[in-house]
Structure formats: structure tokens, C-alpha cells
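Shared between the two complexes below is chain A, which has chain B as its partner in the first and chain C in the second.
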Partner chain A sequence: MSSTLTRPKSLFKVQFIISYILLMASYNVFAQRQEFSITLKDHLFYPAEMTIPANKKIKLIIDNQDDSVEEFDSFSLNREKVLFPKQKATIYIGPLSPGRYDFFGEYHPDSARGVIIVSEADLPIPAIKEVDNAN
Partner chain B sequence: MFTFLRQRFLIDTDISLISSVLCSVLVFSNIVFSNIALADGIVVDKVYHPYVLPNEREVEWRMLAQRENGVSNDLAQRFAYGQSVADNLMLEFYLIGERDSNDNFTLSAYEIEARWMMTEQGQYWADWGMLFEVEKEHQENNWEVTSGVIMEKEFGRTSLTLNAFLIYEWGDTIDDEMETEFRLQYRFRHLEQFQPAIEVYSGENYLGIGPAFMGVQRFSGQKQLKWEAAFITGVNSESQGHILRLAIEYEF
Partner chain C sequence: MLINTVLVFLQNILPIFVVFSLLFAQQGVCLQLNKHSKFQSIHQKSDKTFDLTVSKVVKTTIIGLFLIGSLSHYMPILSQHFAGMGLEIVFSILFSLIYCLITTSFLLRLTSSHHQWHDKPINEQQTLNRQQTFISLAILLLVLCVHGSYFSLYVRSLLFSKATIEASYSGIVVGVIIGTGICLSIAILLYFILMTLDKKLKGKMVYYFLLLFGVAQLMQGLQLLEQVDIISSNVHLWSTSHLIAEDSELGYFLTILFGYEATPSAMQLIVYLSAIILPIIIAKLISHRQNTTASLMKGTY
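On to the complex of A and B.
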């Protein structure tokens, strides 16, 4: 059987690389997102309830002030994120339709609980910053 | 790739079709419909997601059974241990067993796999990752190297996941060849424990589609049990029979 190596694989490679670059270039790297903040202290989220705008992607920064690791978890938000002690973590959420989206800390699910309310009503706009890769 | 399904087909590659594909969307459709690969195995396996969590460890079992109209009744299983070695990099080690023609189930290959989460979930239009695998057959000096792109995009309560792989294999008893594989999963996040999906597999002259079901049961901390099941049916003239795949993964 002949091998595909005899075929113009360089052509395929070029096509693959170009396609991949175009895929990556499709990122909206200049987008701006609203930022929201939550603090985790003594295994409690503050605020435990937060309202964000509907149909918009937002940036949620969680400051874990505890001495232990926690994991942010939400099936409805489709997010899991490890929160290292004494560090901030960034979670990108949305765009979401209006509703309530529960979240909790996997290591302290009885105390570390909260809800994000997605509303179509006009909300006070927090600081808007350019997207960065902070984690 | 499971080796028990090694078949040989010589496919005329439509170079003009391949060379015409240069835009991002078409890279996936190109891999689906082009016939660049020489058929050599089966493409039905797990659809990979681009996400990695720090401190994640897992053991995994996968089973693949194929029945082809009385022609074959094949079985393969994988046992794996995986661990994240960085915030965005997961390594997994596999032992692959297959049932041979004498109905003996033996170790057939081993594999190391690296999954790299390239972007933060939700940060961009879609989430991206890459996969790298090296596999060696146990009894033969046959090797396979895989690299590929993993993409996932949320649409409300549904998620579309695409895998596009480029595979090169060589060895003493197989021909050197380059292959492509494509996997698609469109999942409805209905309940944590029950998420129906549809899966499509293409490559090596195979095209299969079928329903899938998956879920996760959480325990304390990072401990959770994930399960997947899919029943894939070949839908083109080269793809006959049905394939059942199961996977159970325990993360801790």
C-alpha cells in the first residue's frame, strides 16, 4: 500500500497551520468586559448575591482571603475554578439569559454558597477594564 | 487509536479540495469530509474537552465494543491514570487492552497523553486546547503520534465540542502514514448527572453518528465520578455496524 507520506503533505501542513492561525485570530482580544468582584473569607462568599447584566460576558474576580484552597463550582454557570489561598482568580461568565445561577465552594459546600442573578434591567456599571489574561 | 480494527484502504486524495480550505471554519469541515487518510483504525473514542484544573488527579476506564453484522465482535479497554502537572497541563498514562482472535484479552499498547488548556474558559469566543499523544504497541515496534486542536463553544445550556487530530504512525508491521480524525459532540447540560448529547466521528474513511449520555456525580472536595456512554452507528458505505463506548472517570 502506498503511503500518504508520498502525498504533498507540506501542502496539508501549510493549510493546517494557516487555518489554525485564522482560528486563533478570531479571538475578540480587544473586547471590553465589565468586572465584578467577590471575596471569599471564612468560607463565605461576599456578596453572596450579585446581579449582572443579561446577554453580556463579564469578568468575575474572586479574592480568596482564606488560608485554604477552595474550588468555585457551578453547573448552571458551567464553570469550575480552583481558588488558591490568598490569591485572586478570574472567571469569565456569560453571556447568560435572565435567571438565577447558583454557585458554591466544593470544599465547603454548606457555607460557601452564592447566587448570580442575571437581569435585563439597567445596572450600575462597575469599572470597565480591558481584558487581560490575569488568572 | 485502537489497533484491533486495522484495515487497509487506499483512498484517492482530493488535493484540490484540501488546498482550497484556508479559512477557520472550514478546517473542521475539511477534516470531516476530505479523504486524506488511509484507513487504519477506528476513530470512535472520547471527545476531549479543553479544560484542565490544577491539582486534578484521575483514574479512568474506557471500553469500546464493535459489532459489525456478524463479521466482527471486537472489544478494547483502556485503563488510565492522569494528573495535572501545571495549572493548564494534564498528563495521562494509558494501558490499552484488546481481545484478540482467540478471545484472549491482553495488553496491546501503552500511551502517554498531554492535554493543554490554552485559554481560560469563557474568556474568548470559544475555548481552546491542544492534545498530544504518543502510543506504542506492546508486542510490535509500532508507534503513533497524535497532535490536535480541541475547541469548545457554549450556546446557552448547550456546548459544542470539536476535536481535530493529525496522526502520524510508523513501525515494523505498519506503513508510515498520516491520518486525520474529527470528533464532534453537541451536549445539552440538562442535569449534572444526565446530559444527553449527539456525537459525530469522522476519519480514516469512517463516518459515524449516534446518541451519547454523560453525567457527573460530585462528592466532597474535588472528588467526582464522571461517566459517558455512546452508541455510534456507521452511516457511509465504508462504515458498517455499531460501536458502543463507555467511560468512567474518577477525579480526586
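On to the complex of A and C.
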């Protein structure tokens, strides 16, 4: 008798946990994030320097215009994304504390380099700063 | 090109060498335990058929190489699925599978190395040995596919342009040779350290090392899901980059072996600790239950 009474309770708990996880996952998937974009051309990132807001998660779109595969890599950002030729890739960054976060192309680290500056100051939307790639 | 090839090789191929080393060390420890058992002759007879032999490993590696080729071929298509999250979803599933298999192997090894296991009939022992060998080969195959496919992409990116090959052919070849040498040295050193530790501490250290390696794989999967925002990532709890940088030689090694993370988030920390503690608790509970049952059977409880 007791087992028949406790079973629905445990089942309810499992259902609750699964629903919570799904809810969190769906919230993340459909949540609107501020978008930023970077272009990879001739093994160089444009812009090579970009400013994003602190303590906010942002969406970063990387457009690989080269004919070869590259890998966007950053140890400080904990991100590693394969960029296939003539394709766009999306990753999410943050929330980050203010500072400088380096990134590079793993297959061409001598040329494909850049930095993301995380600033607490209010930024215009989207805050992409075009600068010459000083590599 | 030489240094970059060595770095990419170390980052992608070192986990394969480490898993080879861990699986062979695990096998070595198991054989040592069996040698000390009173049923030595029975075990020797059964081990020859169901052990992780070099020929089985070579066959698995060949299958793995074919799978690497096909996986890296379909990676561009895969990446376009699930709104550009296909690669992350598939690879996080593969990383989780590696962890699940390693946890199963950990539980099987810890509970079967229990002294009551030697009292079991030979058929049961053979079945357990067969299961353990199958799991070890599956772990090897998955690690090969997941990590090998990333290195295969790097090679493909170099082979794409003739100019790159002509200009840096020697650099790539020498880089691969140096990388193989470093990986081989680390793997051999790790194997002997684990065997020595196991002899001195008698604590089945290799099983715990393999579990940590599995946790490291799970963390990589989690990081991929965080990257595409399927799992929420929080602010970094701390940074140990000034002590051990992730892009340093030691950082590479610790990341592969233990899942070292210089800037972990709360989610990563919770998953990391749970992934270690839960299998250990389950193994202890199973061992405790086996002890209790055996004592009851003998009437000494």
C-alpha cells in the first residue's frame, strides 16, 4: 500500500526535475541576446578588436569567408568553434567581468588574432568597432 | 607551421595516447590482481580469450581511423543542423557517452575486483571480462573518433591549398613526428607511474585516474553546450590562469587528464564534483551490499 502511495510522488519529482531542465534549456535557446559579428578573411579577423558589455551574455556570429577551415579558439573565453569555409558560425559568450579576452584562429595563430574587450560602460547597439587588423 | 602543428597535434591527439595508457594500465592492474588470487590457473585460462589484447586494440584503431575519415567528411554538413548547433550537440553526446562508458567500467572494475568476485563461477567471470574488454574498446573507439576528427580537419585545411603544402611540408611532417614522440613519451611515463602507484598504494589508482579522464571528457561536452547556449553559463567563480595557464604545457596535460579549468563557472563546478562523487558513492554502496550478502550467506553477519 505504501509503495503505491509513494510511487506517484517520486514520479512527480522526476517529472518536475525533467521539466525544470527542459524549461531552462528552452529559455536559453529562445532568449534574445545582443548580437555581434566578426569576419574571417585571408586568415585575419575583422574587427580584430571588439567591445562588449560586462555581465551580459552575447551572441557572436563568425563569418568565415576563407576557402579553408579555421578554428576559433580562446582559452580565456572557454570557447572553441570550428569555422567551415564560406559558412557562418554562432557562439555565445559571457557573462564576463571587465577585462581583455584574447582569441585566435588555431590553424593560423600568427595572423588570425583578436581581442574582446569587456567594458562596464554602456555601449551603443551593436557595439562593433572596425579597426585595422594589426597583425 | 612546425610549432603550430605540434600544438594542434598535442591538443587533439594526446587524449588518445592518454586513454591508451590508462586502458593498458587498467588491464595491467587487473592481471596483477588476478595473479594474486588463489584461482590463478582459472584466470590465466579465461584472460587469454577475453582480455584487452594488442590485436584487438589495433583492429579497433583501424575501425576508428575509418570513422574519423567519415566523421570529418560529414562535419561541415553536421554543423548546419539544429540551427548551427549540430556539431556541438553531436559531440557533447559523444563526450557524455565516453563518460558513461568509463563510469560503467569503473563500477564494474571496482565491484568485480572485490574478493567475493573470485568465488563466482568461471562462466560469470568470463562474461564480466568480456563486458569489461568490450567497454574498454568502445571507450577507445569513441575517444579516437572525437579527438581524431578535429586533427583530421586541421590536416584537411592544410591539404586544401597546394601553396601551403609546398611551403611547409617539412614543417608539418616534422611537427607530426615531434608530436608523436611527445605523446608517446607522456603515455609511457603515465603508464609506468600508474603501475608503480598501484603497487605502492594498492588502491586501484588507475580506476580513479580513468574516471577523472572521463570527467574531463564530460566537461568538454558541457563546454560545447554552454557555447551554443543550450546550458546556461554563469560568471567565472575564480581564475587560476596566473598559476597554471590553460595554454601552457602543464595546462594542456592537466586539462586532458583531470579536466582542469582555470576559470570554472558554478555549473561546471557542480557537474565536475557530481561526476566524480556519484560513481564513487555507487561503487561503495554496491561493495557494501556485496559484503553484507556474502556475510549473510556464510552466516557470519
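Everything below uses one rule, namely that the second predicted complex is superposed on the first by the 96 of 135 C-alpha atoms of A that agree within 3 Å, B and C clash if a C-alpha of one lies under 4 Å from a C-alpha of the other, contacts with A are read in each partner's own complex, and residues count from 1 in each chain.
As a working rule, a contact is a pair of C-beta atoms (placed from the backbone, for glycine too) under 8 Å apart; a residue touches a chain by one contact, two chains touch by 3 or more.
Just so it is clear, the model here is predicted, and its values are computed rather than measured.
Colleague: Let me test your reading of the model: by the given contact rule, A:Glu106 touches which partner, first (chain B), second (chain C), both or neither?
Modeller: A:Glu106 contacts both chain B and chain C.
Colleague: Should A:Asn55 be classified as contacting the first partner (chain B), the second (chain C), both, or neither?
Modeller: second
Colleague: Check whether A:Asn78 is in contact with chain B, with chain C, with both or with neither, and answer first, second, both or neither.
Modeller: So A:Asn78 meets both chain B and chain C here.
Colleague: Identify the partner contact of A:Asp67: answer first if only chain B is touched, second if only chain C is, both if each is, neither if none is.
Modeller: second
Colleague: If I apply the document's touch criterion, which positions on chain A are contacted by chain B in one structure and by chain C in the other?
Modeller: Touching chain B in the first complex and chain C in the second, residues 24-25, 27-29, 57, 69, 71, 75, 78-82, 84, 90-92, 94, 97, 106-107, 109 of chain A appear in both lists.
Colleague: If you look only at chain A, which of its residues touch chain C in the complex?
Modeller: Touching chain C from chain A are residues 24-25, 27-29, 31, 33, 55, 57, 59, 67-71, 75-76, 78-82, 84, 87-92, 94-97, 106-110.
Colleague: Write out the stretch or stretches of chain B touching chain A in their complex.
Modeller: Residues in contact with chain A: 8, 10, 13, 15, 18-19, 21-24, 26-27, 30, 36-38, 51, 53-55, 87, 119-126, 128, 149, 151, 154, 156, 159, 166, 175-179, 189, 192, 218, 220-222.
Colleague: Per the contact definition, I'd like the list of chain A residues that touch chain B in the complex.
Modeller: Result: residues 1-5, 7-9, 11-12, 15-16, 18-20, 22-29, 57, 69, 71, 73, 75, 78-82, 84, 90-94, 97, 106-107, 109, 131, 133, 135 of chain A touch chain B.
Colleague: Under the stated contact criterion, what part of chain C meets chain A in this complex?
Modeller: On the chain C side, the touching residues are 4, 8, 11, 75-76, 79-80, 84-85, 87, 150, 153-154, 156-158, 160-161, 223, 226-236, 241, 245-247, 261-263.
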